[in-house]
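Working notes, structure below.
Chain IDs A, B, C and D follow the sequence of writing; residue 1 opens each chain.
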């Protein structure tokens, strides 16, 4: 179980012959992810770690069945890669690529919505359902099969918290990085809904950061819908000054909007326990699940 | 990347959007001379890439060339929110009947561009939204249609304009949209756009922010990004950008380096939680190679305020022994001698720790503990950590 | 009955203040068509023959209910007008305008398909269900309520044939002009299907011309599906030389494709009686309906 | 509007599509001179806006400047399918390994642009479709996506190319698509596009047809449309276009005027049915005002082959009495004296007939009867109709 990806996920790696693509294809294969084909323009006919490479997704699909894609293509070409996956009917698309222009991301999300496809990212570590499928670049060793669904806007901070949950023997059902860009394919609410339906997920860790108001909307949703599973949150960026991008393109306080403070207040008002430090998440959830 | 007001106005003008006649000047004399080609009264406006210049005294009116020179004298060399004013824009004052607001920006929730417009302008959008929400038109652009003539007219109509005025205003709105698309802008704003006493519309202020990630499609701006004084970034921020590092300067004395934006933000927060003050945000990004750590340390250490550096690396894919070697090499290369606190966990953690300890650097496992240590050192409570 | 339009059709006229718009609004009102509003940019607040004018379709719909639009807007602005009608949810859109660029027409049809809207035209006389609704520029007096569905690519030639059917006391259920452009909103097959479902329609007159292969496809459809109602056809342009546009942008023989001959042969092979002269249509159908 | 091969090639070149080096010449001397800047052998190609110039002798090869002059001498002034050759394009012959076909045009059924490509080129599309249908790739462009890099690569792959060649070819395809969109082309074709012995790709022939209805967006071409020799139209066709009338010249002697394209085509067909030969197609369009009828009559009567004019007006919205007065005024204005057959029905039909009869013009009610009459007159069987 878990959400979105599982042992039946069959993956095409777009940009498989690049340094990143090659490295993470190996790591994903080692984790047990079913990678059926790779795509790199002009490199059709090659193999990467035993995975056959095609020039286009369409050609790959003439030979293999797949339902997901992970994209390592450089930013200027990433939109085309995503559109290629979409037009060819792949329904789960993880975009690892960072620095994709906003205009391109808007176009990707627009077409994804029409195609009923799920986009994870861009600028995401990806998604992992421990012991079943790793579709991303996260270090496998910090994750263990368990009961906490993690949804996050960051990468390493998520590994930090996942690691804490693993050590606390809670583990993870699925861990999903929304991505650090202003325009990403999923929001907290959408993922919260999936976790609510997933029987393996007993609690949710929500890891937000400054910028935008996805956390505030999640808080509103949790409150209004009476979310049924315990949620603990951490919001990074309490010390971030306004008008400055903190590493992520999406992590920016605009005027008075998108501060950590408003997010924390909204979540607490919705009854979500917000951790002061990343290390506290495991403690909070362990306690909630015990009671 | 923010454009200067005068740049945005020149772009607007090129696209046929009326703007006040104006001239750029970098000295009081030049400003005086520039004003001779304009009709008085004029406005002398600081060209600086932060908002709030009005309140800071960066906008002055003048009725004669000598008043222009005087105003430019006052404004040039001013520092507004940390940025030096290097030029002024001298422009004709327009006869205002109404001040309106028009902006195109990104709607993160709808994942689209959004048009914001109001028949109340000249104040910031938060104020408009708070005080006259009923006058704020919010129109998300559906990519299937784009922002078309009928959308623009509908908005102009909602702002209370009819007939030819409605058409004129709508035409301006569409041009702003065209600029937004052409330039990959994440913000294009006229605040205010003025309805003149004659019934015309003039963009009295203009703001454009280009999506940094789209600069590869706009080489003319990309190359300018790193020119001193041509962007909103400080020299140290520019230096970091050149090296592909995300750096933001802050006021404190604890230099911070980490891998991953969220983790670094959390590190800053932890430092503050324990009573310390971060001197910066610095994300070395994925990999955290020896080279990148060295570049990072160089930048952070070049800040004279910094009296301790806290490096927080969560080794994920990267092996900790490699990172440890990288840190030692970096320290040596940069010649950094002040205290350092390092938190290092992940693959090959033990070996990494061993390497650092061997080199006389102390390592902690918990981010929280390490933050606490760094704060103590910064406060001079724990000199043995040097 | 009849197809697409009837006495419940509520119409917005786009471009109502122009010469054409004004003239035909009057004619349609006189026919009994329910015209609820008009739209012309910058002319909001006026009235045309008692019909209130708005600046945009959205404003018109804030005050009136409508489900159809007829467009008299000049070619350079016609795409925007059609998109405005589409985005505002109007489901029947008649585009009278001639000379719309192909690129614009492709965009209109693409969005119409997504919106589930029916486009009639461009470059069409429109559609009329006699005694119920005239949404077009055809002369009302040649039409009488009756049993023949007419689907045509031309204007005056259709009036010619409709007139013949009226004189022969057969009359028309609905008469629809597909439009004379290469890219139009409906094809013969789609309209044949509608006529098949319409109980009032007892026979169909199909009026084609050179260019494209819509007639050939209609023939194939009639044959393969065993079309249940008698069809008579007339194809204009037997004498047209290749490579020349015969008045309509869509009426052009390209190389050996799109000739009257191939169309006539295809239709005859499908069992459709093809008239040698326009005047023969009424005779053929009268005979078929008698037997 | 058709572009000349050399124009299309210059456009291609501007967009970065490789084309053979070449020069335009309007005289044999100029051709000789032009060839001095090229490498031999060269091809001398008639610049004429019809297809089939090869079979007509409009393409010749030359190995020296004098051979170029000779070839140009032969070609210039040639008449190919009724059009005069006014210029030749002299270009370097390329070393052909394979000839391919690539075209972007309109798919009426799918209501979209469609890309047609084949690894067999240099022959016409009908032949490709008939002889090697398995090698014809047909790709309708979904407007949601446009024609993107991966589509182009897929097609290049289907044509049998891999690696760098696939990328090069795909890049060319996308440029042709960009030109199609930018120019509102209804056809953009390279037939053949040549794979050279060196493995490069060169557009050996280039055809572009711009959508006439989109010319308002391309004023540089719109203004050229009416220049003599610059378009595929005859002087009489151009004259009609200038007056907003749709005219097509034919071989017969019966001048035809009508309102509505379908009706006029049907009129031509009826004339032929009764054994006559139409001299032209002329649609006066909606309204059929006196002025337009006069213009129409002027154009039709200016054709010396015409010995009878058949006017077929179905008065719909327009009243027949108005049309009748229009015809009489037109006849007078143009000074047309040859026989005329008029068919006029519709609103106020009786009055219309009365007016024409009064003026000594005979009127029929049935289109078929009228056509029969016109044929008889044209054949000289019925002189009393004059």
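We adopt the following convention: a residue touches a chain if its C-beta (ideal position, glycine included) is under 8 Å from a C-beta of that chain, and two chains touch if they have at least 3 such contacts.
Please read all numbers here as calculations on a predicted model, not as lab measurements.
Engineer: Enter the minimum step count from subunit A to subunit C; a value of 1 means the two chains touch.
Structural biologist: 2
Engineer: If you average the CA atoms of subunit B and of subunit C, how far apart do the two points sit, in angstrom?
Structural biologist: Chain centres of subunit B and subunit C, defined by C-alpha means, are spaced 56 Å apart.
Engineer: Just give me the whole-number Å value for how far the CA centre of subunit C lies from that of subunit D.
Structural biologist: Whole-Å distance between the two chain centres: 27.
Engineer: Which residues of subunit D are in contact with two or more other chains?
Structural biologist: Touching at least two other chains: 144.
Engineer: Any chance you could list the residues of subunit C touching two or more other chains?
Structural biologist: Correct list: empty.
Engineer: If every chain is a node and every touching pair an edge, decide which shape results: line, ring, star, complete or other.
Structural biologist: If you draw each chain as a dot and join those that touch, you get a single closed ring.
Engineer: What are the touching chain pairs in this one?
Structural biologist: Result for touching pairs of chains: A-B, A-D, B-C, C-D.
Engineer: So in the complex, which bits of subunit A are touching subunit D?
Structural biologist: Contact set of subunit A toward subunit D: 41-45, 55-59, 77, 80-81, 83-84, 87, 111, 114.
Engineer: Which of the residues in subunit B come into contact with subunit A in the complex?
Structural biologist: Going by the criterion above, the answer is residues 50, 106, 108-109, 111-113, 124-126, 143-144, 181, 184, 186, 211-214, 216-217, 246, 248, 250, 258-266, 268-273, 278, 281, 283, 286, 314-317, 345-347, 366-368.
Engineer: Help me check something: in the complex, which residues belonging to subunit B touch subunit C?
Structural biologist: Residues 142, 144-145, 148-150, 153-154, 157, 162-164, 166-167, 170.
Engineer: Mind pulling up the subunit C residues that touch subunit D in the complex?
Structural biologist: 23, 27, 75-76, 99-107, 109-110, 137-139, 141-142, 152-160, 163, 180, 182-183, 187, 207, 209-210, 212-214, 217, 234, 236-241, 243-251, 255-257, 260, 276-279
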